[in-house]
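In the two complexes that follow, subunit A is the common piece, with subunit B as its partner first and subunit C second.
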Partner chain A sequence: MVEITYATFLERVIHSIPGVSAVVVSDRDGGILVKAYSNAFNTDNVDTSLGATFAVASEQAGKLGLGKNKSIINFHRDKIIVYINLHPIFISFICSSDTNCGSFTSIVPDLQRGLDGLSKAISKEDDN
Partner chain B sequence: KLLGREQLSVKFHTMENEIIDSITQTAQQAGVLGVVAADKNGLCLGAAGNATKAACGAITSLSKRAQALAALHGGGSEHVSVCVESEAGNIFVKAHDQVTVAVYRAVQ
Partner chain C sequence: MLKPKALPKVLEQANSHGVLGSLLFRQDGALIASAVVPGKEESISRAVSAIVSNLMASFDQHHDIEYLLIECEDGNAVVTKVNKLLLCLYGKKSAELGLLKSKAHTIRSYLEVPLQQVLM
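Moving on to the complex of A and B:
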């Protein structure tokens, strides 16, 4: 079995869904753990606030009486941002406005499997 | 009791009533195993029968690819439908305006 880095794994995710420009994996404080960008993406606006804001929003959404929040999709003027909660890690997808958001549902299990090692490492850090 | 008569059941009109009714009626037709409708972003608007909500992303993507293919070959991309044939049944996919509908039919 060929081992690949987490960044390479995320680059493959970018190529598998048309319209995705960037993928950022962060912890609950917004700290960027792994990221991958497409060639045309401007990275100036990506910082820790992206993940931190979603982590807080996801925690609050989990208090609405519908159970734990799984994902949030934000529709902006020019972009769609899809956030997926795989506690203790959070994944942010920055996509174009015509991206197929429904396809993200089907890749969540693959994301969980691919980032399982990272998730366990973060859990150990939180326990310590 | 309401005005001396038996209380009537009241159906409140909500924005999704029409599409849910259409999906339900279509799913009840003979030979239809399931129906699912998705919006332009691939998010599920409604599902009935054996059709799963998880298929919405793939269905929307299929429809968009078919429209792009038709446009490449000089045909109009407005009236494009896709038929997915398998041993378990067929799936007919059609997009109209910003809604994509897939009907799962049993093999006859």
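Moving on to the complex of A and C:
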């Protein structure tokens, strides 16, 4: 069986949802764990604080009285950023403004399965 | 001229189909008007406006966010700007994000011009 790297897995995710340009997986401190970009994406556009901002925001959103935060979607003027909380890892998607955001709900189980090893490794580190 | 007493009545119109509350507040979190469904405490509105304004400030570094959609395990919330103010609708899980966004868009369109006259 061919093992694929996490970066390759994320590249497949990028190709599976039209409009997604970049995916960044980070820990709760905002440290980037793995990332992938589409060919056309300008890497200068990546704000490295994306993960850190979301990790803090997700925790705050969990205090709204609506249960734990699962995701946050930002509609900017020229792009959409989708954040998914798979504690202890946080995933940020940078997408074009016409991306179908509903698609992300359906890929969450696949993301959990594909990044399970990474998630467990981060959990172990947090426990130590 | 905007009638302050009319604001909660306008916001109240969004409170159906799972929407639990609609809030209008300043970007520093200070509540201006709110409407919550019967049975919900009004004090929750202040907490929600404080938290949401903080979230908006964290994400909106370049002042170009049009909508912020928040999905939680037991409910959803949507935030948008109305001139220099923030509008937040939140609800149970049955109030889907698309519905909340559409309602927010409608209220935003309705309040934009009157609030512009007041906030100038």
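The working rule: the second predicted complex is superposed on the first by the 125 of 128 C-alpha atoms of A that agree within 3 Å, B and C clash if a C-alpha of one lies under 4 Å from a C-alpha of the other, contacts with A are read in each partner's own complex, and residues count from 1 in each chain.
Here, a residue touches a chain if its C-beta (ideal position, glycine included) is under 8 Å from a C-beta of that chain, and two chains touch if they have at least 3 such contacts.
None of the values given here were measured: they were computed from a predicted structure.
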Which partner does A:121 contact after superposing on A: first (subunit B), second (subunit C), both, neither?
neither
After superposition on the shared chain, which partner residues are touched by A:106: those of subunit B (first), subunit C (second), both, or neither?
first
For A:78, is the partner it touches subunit B (first), subunit C (second), both, or none of the two (neither)?
second
Now for A:4: first (subunit B), second (subunit C), both, or neither, which partner does it touch?
neither
State whether subunit B or subunit C is in contact with more residues of subunit A in the superposed arrangement.
C
Could you look at A:69 and tell me whether it touches subunit B, subunit C, both or neither (first, second, both, neither)?
second
Examine A:56 and indicate which partner it touches, taking first as subunit B and second as subunit C; both and neither are also allowed.
second
Overlap the subunit B and subunit C contact sets on subunit A and report the shared residues.
73, 101-102
Taking the complex as given, what residues does subunit B use to touch subunit A?
38, 41-44, 53-54, 56-61, 64
Show me the residue ranges of subunit A that touch subunit B in the complex, using the header's touch definition.
73, 80, 99-106
Going by the contact rule at the top, pick out the subunit C residues touching subunit A in the complex.
44, 47-48, 51-52, 54-55, 58-59, 61-62, 64-77, 90, 97-98
List the residues on subunit A that touch subunit C in their complex, please.
47, 53, 56-57, 60-78, 101-102
